[in-house]
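These notes open a run of structures that come right after.
Both complexes below contain chain A, partnered by chain B and then by chain C.
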Partner chain A sequence: MSASAKSWALHLGLIAVLFAAQFGLPSYHATNVSRIMVLAVFAMGYNIAFGYTGLLSLGHALFFAAGMYGMGLPIWTLSWAPIPALIAGLVAGGALAGLVGLLALRTAGVSFMIVTLMFAQAGYLTLLYLNTHTGGDEGFVVDSAARVIAGFDLSTDAPRYMAALILFATAMLICLWLVRSPFGRVMVAMRENEQRSRMLGYNPFRVKLTALVISGLYAGIAGAAYGMLFGYVGATFATIQYSILPMLYVLLGGAGTVIGPFLGALLMFYLIDITSGYTTAYLFVVGAALVVLVLFAPKGILGTIRERGLKWLP
Partner chain B sequence: MAFGPFLFLALLEGTVMAAVLALTAVGLSLVFGVMRVVNVAHGEFFMLGAVAAWFVTYYLPFPPAVTWTIALLIAPLFVGAIAATADVLVLKRLKYDPEATIVATIGLLYILQQAALTFYGPDARPVEPPFHLRLQFPWFGYSGYKLFVVLAAGLILLAVWAFMTRTKAGLVMRATQVDMETARAFGINVDRVYAGTFALGAALAAAAAVLIVPIQQAHYLMGHDPLLLSFIVVIIGGLGSLRGTLVAALIIGLSDGVISMFFSPTLAKIIATLLVALVLVFRPQGLFGAKA
Partner chain C sequence: MTKELFGLTPSRRAILKGAGAGLLTAGFAAPVWSQSAPIKLGFQLHRTGIGAAYGRWYERTAQAALKVVNDAGGINGRPVEIVFEDDGTDPKRGAEVVEKLVSQAGCDLVFGPLFSHVVIGTAPRAAELKVPYLVCSEGYHVASGMLNRWTMQPGITDVHAQVSSMAPWVLANLGKKVTMVFPDYAFGHDHRDFFTAAVQANGGEVIAQIAIPPTETSFTRYLPQIPADTEVLYHVMVGPAVLTFVKELGEFYGSGPRPEIFGFIDSLEAVDTASPGLEFLEGTHFWEGHNRVKQADASEHETAYRAAVGVDDNGASLSDAKDVATYAHMFSVWETLHVIKAGMEASGYQSIADRQKFVEAVEAMSDMPASLAHVQGDKKFNGKTHQVFGHQFISKVEGGKLMRVHTTSLEDGMYEDAVDYTSQSF
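Let's look at the complex of A and B:
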């Protein structure tokens, strides 16, 4: 098989397995996997910025929350229908990423991390400050009437799983197409050597801004879907913890691989789920995972596998 | 209360905050200046200092003045030792790569938070101040201890300044900051300087926490605000510049006191975080930094 055929087989195979899984999984795990798939979309977006373009952001919670509130607020205050609300969430994530990018991309490296962190923190505090409009700390519940799309009630297990799978599959295939496209190659070129890419005639600022906006669109739709599928919108999703989680998933699964974010989200989610059966020290698990990864496996699981043999892994 | 006394109270509160903030931020700035490491776990060292102070004052059977003084000595040593261990076990192995160390210190943040939650618990607990003294102004009474905090923070900062400029160890640290390679060539044990700097930075945060804990209570999540504010101060003052850090701490502390009193603490933080982002974008050397 050619490299391209192998990679199609792998990704379509994953979607098929996830499709089949809903008939075998007990309800508890089905809900978990729906959650993981939505979080994986978020992490995929993070990966487009961090893994492929080399932009280490600490502010993606802002774009996730923008999607969530962009979806939730119109439903809450203006009684929008679900589909336009989801689109509003998608656009909100991308637009905010563009706005932050215009300023933050003037910096690089550590400064870029701190600037994105500060913007995300300001966004979180603004959500609290405007608590009469946003529900502040407590957040709000998404109206159950607005969680029905084409007769399917997304608050029930099977439609929720299917909705999460459709979103995940679409996002993954777009990501696969993107990173194999000429523009995807330019993103990687930016990560590897910005000076040389500039010399070849590419505009680093424009490439990075585009990558960040795409990343923000992913985060936005993931946030919107998360709020819609699980029925709650709250300021906790704008805290720094939700900027760290996608980074953790990407580092664990393998930065710069298409399936890595999903693998990382799946493993991390169940690692926390299983350890919380024995101990309440779940923060320790997250912390130790970060330290161990950065010390011993900076390329993550799939990154290491790709290095050791499966060179075709996109 | 009229506007004048109200403003005076706000400025007093702001000064106390500025003093503690300066101490915490100088620790962060020192670590960044010498090691080029952005220590995201700095707030947790602050928290550990407060928690250690609670343990010491709670379990030692002496009057509050004595136990608190012991805490002020022991907590920074304890926290410094933890920091030095983290440096040797983790940061050194990462060869102080800037981005990798940020990820690692985020991990460290979670580990320390969990340790505090497990061994100390989720409650906020008060620490008895070493003395009770009420200063009566014409308009309101004010805690004498709070003014003592300002004095003590000033003395510690003075000691840090003397250490950096007047001792051999300080000279070695400054030499490493200017040029690590050359320092190594001159026989300076750079590894030890780094471990010591990281410990000193953490110890300063811990000392600030011991000063503030009789006013604020010890809690396992209390490190968040000091971290954010120290970041703000260090960046506005110019990364690695100690003098800039002090000036910025004063500005941020006072304006935070005033804006919090007249508008809202959340608004004060929003303004400060946005200011930092914009400073980094448009004036990366900081408002007071001379060169990058």
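Let's look at the complex of A and C:
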């Protein structure tokens, strides 16, 4: 079997397994997997910026929240229908990423991390400051009537799971196409050696900005979908925690791998879910797990597997 | 010395026998549970995160109330269990926790959260799961109509009523020109809006509103904004910043004249008012939802409650005088558990199929007389808005202790209904 065929088999197989899982999983875990699939889309977007292009951002919560509020506010204040609201969330994430990128990409490395962190913090405080229009720190509930698409009520379990799966599958296949496309190769070239890429005639600023906008589109649609599927929009999702989470998902699953973000989100979700039942220091356990990972498998789970055998893993 | 009892003079042996028999009988009198499974109540607990100080005491209060309920025969003759699950004081995790409690642990209902963003983030999922969700949040989000028919707040008065009910006394006793200092986000804005409206309705005037950005760690540049003709300074800072705020306020006014000062105890929950640096609070006033310091006229129920939750007369843990309780709020957990008991018994609750009947039974409640079930005082529940209304207390710091000077009436806090949840479908 060719590398391409193996790759397609793996990714389509994952979608098939996730489709089948909804019929076998207990309801608690089925809902968890719905959440994980949406969070994995967020992490896939982060992976496009960090894993493939080498842009270590600490501000992706801003793009996730932009998508969430971009979807939620038009519903809350203007009674928009769900599809236009979701599109507004998608566009809000991408547009804000473009805007931040125009300024932040003048820096690199640690400076880029700090600048993106500052933008995200400014965004969070803006949500609090504009309390009257955003619901402030308390947030707001998305009207259940606005969570019905084509007769499917997204506040019920089966349609919600399918909506999350469709989003996840679409995002994953686009990501797979992207990283195997010529532009995807250029992204990796930027990550590996920016100077050499520039010598070859590529414009690093333009490539990185494009990657960041794509990353923002992923974060935006993930935020919009999370708000719509689970019925709540709140400023907590704009805090630093939600910038760090996708990074952890990507690091755990494997930066620069298409399935890595999903695997990382899945493992991290259940690591917190299970350990929090035993200790209040569950974040310490998460931290310890990451230290072990960085020491013994710095490329993450799938990155290590690719290094040691499955060279074809995209 | 042996006293004659009813004409009999018992010997020491007889007394010992009697005491032994009494103990045995007491043992037999303990609830003998039938074979039926226990009622499982899920508790969404702020064990970690910014609500941890509250969570620690909410858990203790829930355990104490559980013991009282089980000692009195449980609910509908069945023992009661509480399953605690930490939500990290995070709305995303909150919704997951409710699902875990209901779907995994098999809880009949969920109760206990305090922080508004967690409640608002969780309530939609509770409604989707069609599980009663009884919050102890004091937020106005229940009665405002933002939430749903499955979400109720029967254990604590909301901030709208709390703030409004304070205004008449503050204006009549402390002054009519008010300057407000509050954090610049939703919690502070609730105070700003409700108190300003109540001040205007009672013939006073809010002459300045000073909003403090949530990232501030020092307040010296805001204090000069307090107008010189301020008669009452209303403050409601929260978190670690409150200690700095009070200290800097003291330095700002020094030993010179200062306005009367009125604050919300939220600023100092779990903080000893006699702490170094808080001397400036002497002679100032606070709202309290429940008097931290045991008052001279404390009822027998209040006394029993205080002992059950392990709090001394100063409002600190019996085992550690430095561990100050979140006393102004935690009674809500105790009272909510007793409302759950009353609601389940009124509806003849047997299984999760009766969840809707339970909600309807709570909605049918109205007067809640002061009792061991309602230790903070009598209350009135509004079934349409799913919100309870209770008395509020104004206390003055005297000798580092909060001593009550005023109790509001139930009517002081009541306002027009903004929603009728009973007209909504399940």
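The rule is short, and it goes like this: the second predicted complex is superposed on the first by the 313 of 314 C-alpha atoms of A that agree within 3 Å, B and C clash if a C-alpha of one lies under 4 Å from a C-alpha of the other, contacts with A are read in each partner's own complex, and residues count from 1 in each chain.
Criterion: a residue touches a chain if its C-beta (ideal position, glycine included) is under 8 Å from a C-beta of that chain, and two chains touch if they have at least 3 such contacts.
Everything numeric here is computed off the predicted structure, so don't read it as measured data.
Undergrad: Mind checking the superposed model to see whether chain B and chain C fit together on chain A or clash?
TA: clash
Undergrad: Once the structures are superposed on A, label A:125 by its partner contacts, choosing first (chain B), second (chain C), both or neither.
TA: both
Undergrad: Under the stated touch criterion, which partner chain does A:138 make contact with: chain B (first), chain C (second), both, or neither?
TA: second
Undergrad: Looking at the overlay, does A:284 come into contact with chain B only (first), chain C only (second), both, or neither?
TA: Touch status of A:284: first partner only.
Undergrad: Is A:247 contacted by the first partner chain B, the second partner chain C, both or neither?
TA: first
Undergrad: Touch test for A:84: chain B only (first), chain C only (second), both, or neither?
TA: Neither: A:84 stays clear of chain B and chain C.
Undergrad: Output check: A:104 vs chain B and chain C. Expected answer is one of first, second, both, neither. What do you get?
TA: In the superposition, A:104 contacts chain B only.
Undergrad: What is the contact status of A:13 with respect to chain B (first) and chain C (second): first, second, both, or neither?
TA: neither
Undergrad: Going by the contact definition given at the top, which residues of chain A touch chain B in one complex and chain C in the other?
TA: Touching chain B and chain C on chain A: residues 125, 128-129, 280, 282-283.
Undergrad: Along chain C, where are the residues that touch chain A in the complex?
TA: Spelled out, the residues of chain C in touch with chain A are 47-48, 85-86, 88, 90-92, 95-96, 99-100, 103-104, 116-117, 120-121, 123-125, 127-128, 139, 141, 146-147, 184-187, 189, 213-215.
Undergrad: Within the complex, which stretch of chain A touches chain C?
TA: Within the complex, chain A touches chain C at residues 26-28, 31-32, 35, 125, 128-129, 131-132, 135-142, 144, 155-156, 230-232, 234-237, 273, 276-277, 280, 282-283.
Undergrad: For chain B, which residues count as touching chain A in their complex?
TA: Residues in contact with chain A: 38, 90, 93-94, 98-100, 102-104, 106-115, 117-118, 228, 231-232, 235, 264, 266-267, 269-270, 273-274, 276-278, 280-282, 284.
Undergrad: Which residues of chain A touch chain B in their complex?
TA: 56, 58, 103-104, 106-107, 109-111, 113-115, 117-119, 121-122, 125-126, 128-129, 244, 247, 251, 280-284, 286-291, 293-295, 298
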